[in-house]
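Below, chain A partners chain B and then partners chain C, in two separate complexes.
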Partner chain A sequence: MITDAAPARRHLAISARLQALPLGLVFAAFFVLPLVLVVVVSFWDYNDYQIIPSFTLRSYTESFEGCLDELPGLCTIFRTYASTARFCAIVWALTLVIGFTVAYFLAFHVRSSLWQMVLALVCTIPFWTSNVIRMISWIPLLGRNGLVNGGLQTLHLMDRPVEWLLYSDFSVVLAFVHLLTFFMVVPILNSLLRIDRSLIEAAYDAGASGRQTLWTVVLPLAKPGIVIGSIFVVTIVMGDFVTFGVMGGQQIASAGKIIETRLAALQFPPAAANAVILLAITLIIIRVLTRIVDIRREL
Partner chain B sequence: MIPASLELVQLTKSYGANVAVQAIDLKIPGGSYACLLGPSGCGKTSTLRMVAGHEAATSGDIVLGGRNVTDLPPVQRGTAMMFQSYALFPHLTAIDNVAFPLRMRGMGKTARRAKATETLRLVDMERYAGRLPSQLSGGQQQRVALARAIITEPRMLLLDEPLSALDPFLRIRVRAELKRIQRDLGITFVHVTHGQDEAMALADVMVVMNHGVIEQAGSPREIFDTPRTEFVARFIGGHNVISTPAGPIAVRTDRIRLSRDAREDGLAAVVQAAEYQGSQVHVALDAGPGRMTALMGDAAYDADPMRPGDAVRITWSEADIRTLRPSS
Partner chain C sequence: MSDELNGVSRRNIIKGAGALAGAAAFPMPAVHAQEPKVLRYLGTAVNQSAEIARKVEADLGIKIEYVAVTTDDVTKRVITQPGSYDLVDTEYFSLKKLVPSGNLQAMDANKIKLFDKITPVFTKGELPSGKRIGDQGTAPRKVMFLEGQRSTKFSSAPTEWATLIPTVYNADTLGIRPDLIGRPIESWAELLNSQFKGKAAILNIPSIGIMDAAMVVEATGKHTYADKGNMTRAEIDMTTNLLKEAKRSGQFRAFWTDFNESVNLMASGETVIQSMWSPAVTAVRSKGIACKFQPLKEGYRSWASGFALSRGVSGRKQEWAYEFINWFLSGWAGAYLNRQGYYSAVLDTAKANMAADEWAYWMEGKPAAQDIKAPDGTLLEKAGSVRDGGSYDERMGGVACWNSVMDENDYMVRKWNEFIAA
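Coming up: the complex of A and B.
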C-alpha cells in the first residue's frame, strides 16, 4: 500500500502542476518578466540620448539627492511621497465610510435580492464612461464659471466665485472618491451578505444595541472586505498620475507623477527606480493591512 | 433565578393575508418544561419568536411572570433564546461568545470571563474555551450556545428546534442533558420541536399545534391517553383513527386485539405486513376503508404468528375508545 501510494501522489502532484501551468506562463510573461525588466533597468546608467546597460546606483542616489542634507526638513521626493500618502489616507477614509454605508444599506436594508442586484448595478454607472471623460465632466460643474459657482452666486450665497472647487486638493479628493468608492462597496457588500442573519438576532437577544451590534458583530465580520477594498484604493491612489494631473491642474505632485515626468524625458532608469520605490512602499502598506486581517484565512 | 410563568392571550401573528398564529390562548406554569409540537408551518416557531421578542405580535398579549411584555425587547423580558443554527459569532472564541451578553451589559473583561468560565463548566465545555466555533463539533457548538443563553440568568429559556442538527444517537443524550439543566436551573424552558418522541420525553406541558391553532395542551400522558382531535391522534402516533357513524374515534395500537375466528364480531381485515421491532411486533392491517396497525408483544405474536394475506377480525374494548373532534 505504502509503495503504491507514493507514485500515485506524485502523479497527482504532476497533473496539478500541469493544470496550473497555463496561468503560470501567462503570469510569468506579462507580470514577472516586465517587473524583472523594470528592476534591472533601474540599475542601468543613462545619458541624454541613450540608456547604458552597466550597473550603477545612480538612479536611486539621484532620486534621493540632498535628502540627508535637508534633514530634518523634507527633500522633494519625501515631500511628494508624504503628500501622496496624505491624499491616500483622506481618500481611503472617505471611501471606507461611504462604501461601508452603501454596502450596509444594500445588505441589511434592501430586502429583496433582486433590488440588491439592481442597486449594486446602479453603483457601476460611473464606470460606463472612461476615467478621463468622467474627470473632465467635473470641469463645467466645478470651474470658476461652472454650475456650482453660478448657482451660489445666483442665490447670493457668494459674491465672487469659489476658487478651491477646481484644480485643488478638494477636486482631486472628490474625483478619487467618486472613482474609487465602488471598489470599497463590492468587497464589503460581499462580506456583509455572507453574515448569517441569525447572528444579528443573537446579538439583539443578548441585549446589544444597534450600535453595539454594528461595532462588535458586523464590523469584525466585514473586515476581509474592508481590507480587500482598502488594497484596491491604496494601490490605485499611490500609483495615479492622471487624476492628480487633470483635477489638480498639473500643479499637484504625486508619486506617479514623478515616474511620468521621467518617462516623458525618456530617462528610463530613474523612472524605473522610482517605480521600484513606489512598489516597495505600496507593498509595505499592503503588508500592514494584511497583518490586521489574515485575508487568506478569512476567505 | 426566579422562573417565569408564561401566558398567551389571543396571540395572533399574520403576514399580510397569511395567518401564522391564530388567536391562541396558553398558560405555562413557571419552572416547567414546555414543548411546542407540530408539523412545519404550524405556527410553533412564530409563537416562540413572538415570546422571544424577535417577531412583533399582530395582536394579543404575552404575559411573562405577571408582566405584559408584548412590546418589550428581549433583554427587558428576561428571556434568552437558543437558535436552531446556534448563531455563534464566528470571530469570537467560545469563552467570548459566552461572555458576549455580559459585554453588552458593560461588564469588565475579567469579571465577565470569570463568569463565562463558570458557565462553560456547567455545560462541560471549559476545556474548549479558547476555540473558535469552526473548531468545535456540532454538539460542542450547541453547548456553547446554551451557555451563552443561560449566562444572563434568564427567567425563561426559549429553544428553537435545538436537537434537529444532531445525529439521532447524540440527540437522545443531549435531550436528557437539557432536561437535567432545566431542573438544575429551575427556570422555564419553552422548546419547539416537530418530533413527538422528543416532546414526550421532555415535556411537562406539551402543546400540539396545527394550522396556527393549539389543538391540545396538557401533560404528555394526558395527550397520549386522551387525544382530543383527529390531528392530535394521528400526529402523536400510537393510535388508530377509525371513522364510525357517530364520528371518528381513536384506539391505541397496543389495545387492538386480533382474532382468526371469523364468527367473532369486529372489523374484518387482512394482514398486510408484520414488522419485527424487538420487544414488539407491528402488524399492518388493511381494514376495508382504512389501514390500521396493531402493536403486539413479541410473546403474543410468536404464539400465533400472522402472515401477510391472513384474514383476521379486529376488536377492542369499549373502555379503550376515545371519541375525537374532527380537526379544524
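Coming up: the complex of A and C.
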C-alpha cells in the first residue's frame, strides 16, 4: 500500500504542477520579468535623454542624499516615507473600524442571506464609477466655496470658510477611507460568515458578555479577513500618488509621488530605485502582518 | 483616450507603411488616391483645438489625430516611443533633451514657404522693431538651428536646418483675481506675500516652476542670478529653500500641472494669485469671473513651442506634414491662436485673417472697438476694454527669461522633489 502511494503522489505532483504552469508563466512574464528589469535599471546610469547600461549606485545614493548630514533631522526620503506611513496607519485604522462595523452588521444583524447579499452589493455601488471621478467629486463639496462651507456659513455656524477641508491631510484621508473601506468589508465579512454560530451560543451560555464575546471569540476568528483587508489597504496607500495629488493639491509628498516626479523628468533609474525601495518597505510591512496571522493556515 | 487614438493610429501606420512599401515597388497612383491622409499630432491639450483639426481636414484633406498628454509626457513620448506619433508640438526648452536623443528630424527650412516671415523673436532674439528681448533660460534663438541635417549640435547662427518650426509662444505672468484681491499687484514678489497665505499656487512642472520662483527671488531683491535659466547648485538650493519655507508656512493652496487644473483653482476661488497661462486666464474670464493676467514690473517669463517630425516619418507622410505646417503658418491658424491670447509665428498672415479691430485689440494694445469674442463665440471683453499688458511689442518686449532646461537639471529635479515633499 505504502509503496503504491508514492508514484501516485508523484503523478499527482506532476499534474498539479502542469495545472499551475499557465498561471506560473503569466506571473513570470508579467510580474517577475518586469520586476527584474526594474531592479536592473535601478543600478544603471542615465543622462538627460537616455539610460546608460553601466553599473552605478548613483540612483540609490542620490535618493538618500543628505540623510547623514541632516541627522538627527530626517532627510527628504525618510520624511516622505514617514509621512506616507502615517497616512497608511490612519487610513488603516479608520477603514478597519468602519469596515469591521459594516461587516459585523451584515454578518450578525442582517438575518436573511438574501438581504446580506443585497446589502453587500449596495456596498459596491461606489465602484460603478471610476476611482478618479469618485475622488474628484469631493472637490466641489469641500472647496473654499463648496457645498459644505456654503452650508456652514448659511447656518451661521462659521463666519468664514473652513480651509482645511480641501487640499489637506484631512481630504486625503477622507478620500482614501471612501475608496478603500470596501476592501476591508469584503474579506472581514467573509471571515465572519464562516464563524460557527454555535461558538457564539457557547460563549453566551458560558456567561460571556457581548463585549467579551466580540473580543475573545469573534475578533480572533475574524483575523484572517482583517489581515487580508489590511494588506489591500496598506499596499494601495503606500504606492498611491493620484489620491495624494488630487486631494492634497499636489502638495503632499508620498512614496509614489517621488517615483512619478522622477519618471516625469525622464530619470528612469532613480524612479526604478525608488520603486525597489518602496517594494522592499511594503514587503516588510506585509511580512509583519502575516507574522501576526498565518493566512495560509487560517484559510 | 490618447492610448486608444494611438492604438488606432498604430494600425494606420502599419497600413500606411505597407502601402508605402507597395507604392515604392509598384508606383501605382490608385494606391495613393485611396490612402487616407492622417497625421498623428502629439502635444499638450492647450494647443490641440478641434476647430483647427476640422479646418485642416476641410482645406487639405489631412486628418489630424490628436495625442494629448502633459508637457512632461510629450518629452517622455518623443524619447521613449518615437513611433507613436508623426508630428510633435513641443516646447523649445525640451530640445536640450530631445535633440541629443536623435528622435526628431531636422526641419528643412527651404520647404517652409514662409520661413523668412517667421518673427525674429525666434531667429534673432529680437522684436520685429529690432529691439532685443530677454535671453535668459532656453531662449528659442539658442536652440532654433542645427549645424546640419543629421547634427545633434545647436548652431548659434541660422542654418537651413531648424529644430522646430514655431507654432505659438507667449509671455506668461501671474494670474490674479482682482475682485478678491482688491488692490494693485505690481511685482512677482506678491506670489509669496503672506497676505495671500493659503491662496497662492505655483506650477508643478520643474522646468517652468523654478523660473517663476526665480522671478520671485529677484523681485524680493534677495539675489540676482547671472542666468535664471542656468542656475548654479547654490542658486538652486537657495531658490528651492525659499519655496520650501513658503510651503511650510502654508502659502500655497495647491500646485498645478495641467491647464484645466489652473482654470479650476482660479475659477473656484481656491487661489487668488498663481502662475498661469494666458488662455487659462481667458478660460476663467469666459465663465464671467474676473481674472487678470497681471503685467509685472520685473517682466514676463516666456515660452515657445513648435513642430517637429518624428525620426521615422518619410515619403508622403513627410510631405503631408510639411503641407500641414505650411498651412499652419499661412494665417487661419495664426489668427485663431491670436484670438486666444497667444501669439502666432508669422504675424503678417495672421493679421490678414483677423478683422482690423481684433488685430488692434489683441496685438496693438488698443481699446476694443467692439465686443471681443473667443474663437467659440463666447463674449470675452466688452467694447472699450484693453488687453492685459498691452501690445505685442510691450508684452514680448518685456520678456525677462524663458522656460529652461538647466545644465544642473538633474540636481534641480531632486531639489524640486524635496520642495514637493517638504
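Note that the second predicted complex is superposed on the first by the 287 of 299 C-alpha atoms of A that agree within 3 Å, B and C clash if a C-alpha of one lies under 4 Å from a C-alpha of the other, contacts with A are read in each partner's own complex, and residues count from 1 in each chain.
Note that a contact is a pair of C-beta atoms (placed from the backbone, for glycine too) under 8 Å apart; a residue touches a chain by one contact, two chains touch by 3 or more.
Everything quoted here is computed from the prediction, not taken from an experiment.
Engineer: Name the contact category of A:Ala265: first (chain B only), second (chain C only), both, or neither.
Structural biologist: Once the two structures are laid over each other on A, A:Ala265 reaches chain C alone.
Engineer: With both complexes superposed on chain A, which partner does A:Thr129 reach: first (chain B), second (chain C), both or neither?
Structural biologist: It touches nothing on chain B or chain C.
Engineer: Quick one: name whichever of chain B and chain C touches more residues of chain A.
Structural biologist: It is C that touches the greater number of chain A residues.
Engineer: For A:Ser137, decide between first (touching chain B), second (touching chain C), both and neither.
Structural biologist: neither
Engineer: For A:Pro220, using the defined touch cut-off, is the partner it touches chain B, chain C, both, or neither? Pick first, second, both or neither.
Structural biologist: first
Engineer: Tell me the contact category for A:Ala253 with respect to chain B and chain C: first, second, both or neither.
Structural biologist: second
Engineer: Which holds for A:Gln212: it touches chain B only (first), chain C only (second), both, or neither?
Structural biologist: Touch partner of A:Gln212: chain B, not chain C.
Engineer: Given the touch rule stated above, what does A:Gln19 touch, chain B (first), chain C (second), both, or neither?
Structural biologist: After superposition on chain A, A:Gln19 lies in contact with neither partner.
Engineer: Okay, in this complex, where on chain A does chain C touch?
Structural biologist: 48-50, 62, 65, 76, 79-80, 83, 139-140, 143-146, 163, 166-167, 249-251, 253, 257-258, 261-267
Engineer: Can you list the chain B residues touching chain A in their complex?
Structural biologist: 52-54, 73-75, 80-81, 83-85, 87-91, 100-101, 103-105, 148, 152
Engineer: Quick check: in the complex, which residue numbers of chain C touch chain A?
Structural biologist: 70, 72-73, 75-76, 79, 96-98, 100-101, 198, 201, 204, 206, 247, 252-257, 264, 268-270, 405, 409-410, 413-414, 416-418, 420-422
Engineer: Please name which positions on chain A make contact with chain B in the complex.
Structural biologist: Touching chain B: residues 196, 198-199, 201-209, 212, 216-217, 220-221 of chain A.
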